[in-house]
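Each structure below appears as structure tokens.
Two complexes, one shared chain (chain A), two partners (chain B, chain C).
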Partner chain A sequence: MLARRSVVRTLRQPMMVVPSLLFPLIFLSINSSGLDSATRLPGFPTDSYFDFALAISFVQGALFSANSAGTNVASDIESGFLNRLSLTPLRRVALMMGQLAGILALGLIQAVTFLVVGAVFGSGIEAGVAGALVIVAMSLTISLAFGCIGAFVALRSGSGEAVQGVFPLFFAALFLSSLSLPRDLIETDWFRTVATYNPVSYMLEGIRSLVITGWDGEAIALGFACAGGVALIALTAASSALRTRMVRT
Partner chain B sequence: MTRGGFWSVALAVGWRNAHNFFTNPAMAIPALMFPLFFFTAFAGGLSRVDSIPGFDYGSGYTTFVYGFVLLQASAFGGVFTGFSIARDFESGFSRRLMLAASQRGGIVAGYWIAALLRAVFTITTITVVALVAGLTIDGSFVDLVGLYTLALLVNAAAMLFGSGVAMRLRTMQAGPAIQVPAFLLLFLAPVWVPYDLLTGWVQAAATVNPVTLVLEAGRGFLAGDPTEVLPAFAVALLLAAVTVLWARGGLRSAERAA
Partner chain C sequence: MTEPAIRATDLVREFKKGPRAVDGIDLRVEPGEVYGFLGPNGAGKSTTVHMLTTLLPPTSGSAQVAGHDVLKEGAEVRAAIGAALQEAALDPFLTGREHMKLQTALHGMRGHEARKRSDELLARVGLTQAADRRVGGYSGGMKRRLDLALALVHRPRILFLDEPTTGLDPQSRTALWDEVGRLAADRGVTVFLTTQYLEEADVLADRVGIIHRGRIVAEGTPEALKADIGRPSVEAIPAEREDLPRMKDVLARFGESVTGSPKGASVRLSGGDAQLAEVVRALDAEDIRVEHLQLHAPTLDDVFLSKTGRSLEGQAEEPREPAEAVVA
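Presenting the complex of A and B:
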């Protein structure tokens, strides 16, 4: 019931669905033309910046999911819905996953849209149809990871404004990664170091490897490990925050 | 109405908005963070781009990026002031202001003063960060006067555009209508690489985008090699003139609704 409510509620709000599809596509479109000449750099892994940048859309879409998840949970807290749920015998993790089902549905729509746009504009997924399915799975894991962070912030603060306030930090995490160039082509030492420690780099590289290289076991494993790890930590933290909030109730 | 009436309204509105901006971290921090993110991400993450064959900007990639981020900070100083105007209308403050102001044109002038102060604060901070990060300025003092004058003209045009939208719609939901056109104009210019290295539809868009001239002139001032100066100032002044008319229409619309 909770999952169904979360899915319907997310997909019924155009302000949650449309920007999360539109902004990554606009960014992809501008980026791929504006930086296409970067493919002339020695060592650049592909001759199409569009192929290179396609992975960004998936992660950027997931960042919007974090915002949506946090806003939805904060709204449930502000309206008192979460207080009423605390009277039921629901397990915390089940409650959390129910709340995040809408984000996973949105993540699925995003992943399929970005793959279709990629195919229409000439990005052949090097790993084939099976690779596309792995991209969808990784994209959903990334959406879950960021969605859990958004939910955690909402549960800790109980405020939609706090969730909006954290949104720029998510963008900082995206920008301080191997977003625009492969890590080995990043010239500035401190930036390359930050990008190396930033899990978002590995999420991008996991998806990117399937688009550009084919089946690169290490990149895929690191992508899933980083997305799954962040999801696990954030889900645990969100569950703990939920327990604290329910105890207060 | 007296000139004193106009300026006393302008100074009061300007002071109030500047005070709100500088005492409210929720307003000041995003205004600083976004240009800083872009500067850090582009200057740090894309510095290798200056090795692309045909990249002919002599002052280095950090300076190249600073030229864009300066323009962006100026424009967004104006855009965010447009948000403040929309918020004032939504809260009902502007309705009371319209009733009390002896010269309503002073209201727009007051918001312009606030936008100017915001831009000066943001530009100063970004310039300090950029200098620490290795910004090279090869331009003379006169070049820098030209650069910052251009930036402030862009700030005024963005504020007047935002003011026109906010005063017509009079709701915070006007935010995207203010932000998206400014964002698109800025990013459909040669942001990451010089114009000659752009490809595809972005190059076509940059060719007709007036911001391209302003950006190239700004980068020319920084490099000590002024280019496209007259066309850039003509475009910036034309944008400011057109947006003055746009803001005036917005004020009339708000007056009719008040």
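Presenting the complex of A and C:
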């Protein structure tokens, strides 16, 4: 029931859903036309910048999941709804899983939308239908990772404003990655170093490899490992914060 | 002697940044009783409720609710209580019926039993017609009624209501009072009600505990508390505004000044209501024309004033209790 509630309330907020679809597509459209000449760089993995940039949409969409999850959790704290749930026999684990259901529902809508847009504009998924399913799975894992970060911020701070305040940091992490160029083509040393240590790079590269290359086991494994690792850490942190927030005896 | 529904012994709650929000409270509420916890903002009412409903651990002291210790048997306490806290605690994107569905599911009800209970409670609080509308569109009164219905889903023996009528219009307030009264009278539910409204405590409560700065300063039935004060007060408003200082001087001969209309003077009659005739004669002797003269029986505000030196009515907002539950 909590999962259902999470999904329903997310989908009943158009201002949560629509920007999370539109903004990444607008960004994709601008970048793929403006940066198309980058494909002429020696070593660029594809001659279509659209194919290269499509992966960005999935990760950007996931950042909106962080905002959505965090805002919903903060709203529950500020309104006292969390207190209401605390007074029921509900276990904390069930509460956390319920909250995450909304994130996954939004993540699924995003993933399918971006795949359809990609197909409409001629981006063939090199890894085929099975690869598309793997892209959806990776996208959901990334959504979960960022969603749990958003939930953690909300549970620690109890404030929707704090969640909004953290949102730009996610975009900074996105831009300091292999967002616009493959890592080996980034000329600036410090930028390349940061991108190499940034788990977002591997999330992008995991999805990108399925679109451009096909079945690159290493890229896919690293993508899942980074997304899954961030998800696990963030989920643990969020669960701990929930334990503190729901201080019922 | 029957086991009390609620018992607290020297209950204390400290927060990191601030004085003790609850400073040694002893309480005993009998089964089926409506207990009114009366005090201004920041007095410690909500903090006490949070401790008794297991949402906040006490810093020291002990409490038992429905025979279970709030610290050691939290789950058992929660199973026996319902609570409508200070915020209406509703999701604006869900309908009233969806709230009931969620609440019944969380309390283990399924299928027909859950639907029947939802329909019954929605009808009882007068929300059947609005049940399929999103709560975001409800009025304040409707939200409070839904809040009460949700607190009653699992048929609790003890109900905590934290300022249930704050912000409601008089009609909604009366409707909620009626429902609370019915719960206690017809179903024997113990009600622990916090309020800053004198009238609410006076009308609803079998017994009242007056709390000030984290301590109970007076406790008893409303009648007993008022009788303890004993003496009525007289309020007079002069026909001519410039006579007010002289009127105050005259009335001061008959007792100590109390809070009343800013246009007039009010004193508590040291000799009781028999002095009223003397007051009239004294004002007449000073040639002070009176526009309004009224004898007031003691109120709970008079009780509060006598115990704390301050009036509950029109008291400036005190700092609210800390929002963060940070253990000292």
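By definition in this document, the second predicted complex is superposed on the first by the 247 of 249 C-alpha atoms of A that agree within 3 Å, B and C clash if a C-alpha of one lies under 4 Å from a C-alpha of the other, contacts with A are read in each partner's own complex, and residues count from 1 in each chain.
By definition in this document, a contact is a pair of C-beta atoms (placed from the backbone, for glycine too) under 8 Å apart; a residue touches a chain by one contact, two chains touch by 3 or more.
From a predicted model like this one, the values you see are computed outputs, not experimental measurements.
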When the two structures are overlaid on chain A, which partner does A:L176 contact: first (chain B), second (chain C), both, or neither?
first
With both complexes superposed on chain A, which partner does A:G80 reach: first (chain B), second (chain C), both or neither?
second
Pick one for A:G158: touches chain B only (first), chain C only (second), both, or neither.
second
With the two complexes superposed on chain A, say which partner A:G229 touches: chain B (first), chain C (second), both, or neither.
neither
Contacts of A:I30 with chain B and chain C, given as first, second, both or neither:
first
Based on the superposed arrangement, let me know which partner A:A195 touches: chain B (first), chain C (second), both, or neither?
first
First (chain B), second (chain C), both or neither touched by A:E187:
first
For A:P45, select first, second, both or neither according to whether it touches chain B, chain C, the two together, or no partner.
neither
List of chain A residues in touch with chain C within their complex:
1-2, 5, 8-9, 12-13, 76, 79-81, 83-90, 158, 247-249
Applying the document's contact rule, which stretches of chain B touch chain A when the two form their complex?
26, 30, 33-34, 37-38, 40-49, 51-54, 187-188, 190-193, 197-203
Chain A contact footprint on chain C (complex, rising order):
53-57, 70-72, 74-75, 78-79, 81-83, 85-91, 93-94, 98, 101-103, 105-108, 134, 150, 323-325
Enumerate the contact residues on chain A facing chain B in the complex.
29-30, 32-38, 40-41, 165, 168, 171-172, 175-176, 178-181, 185-188, 190-191, 195
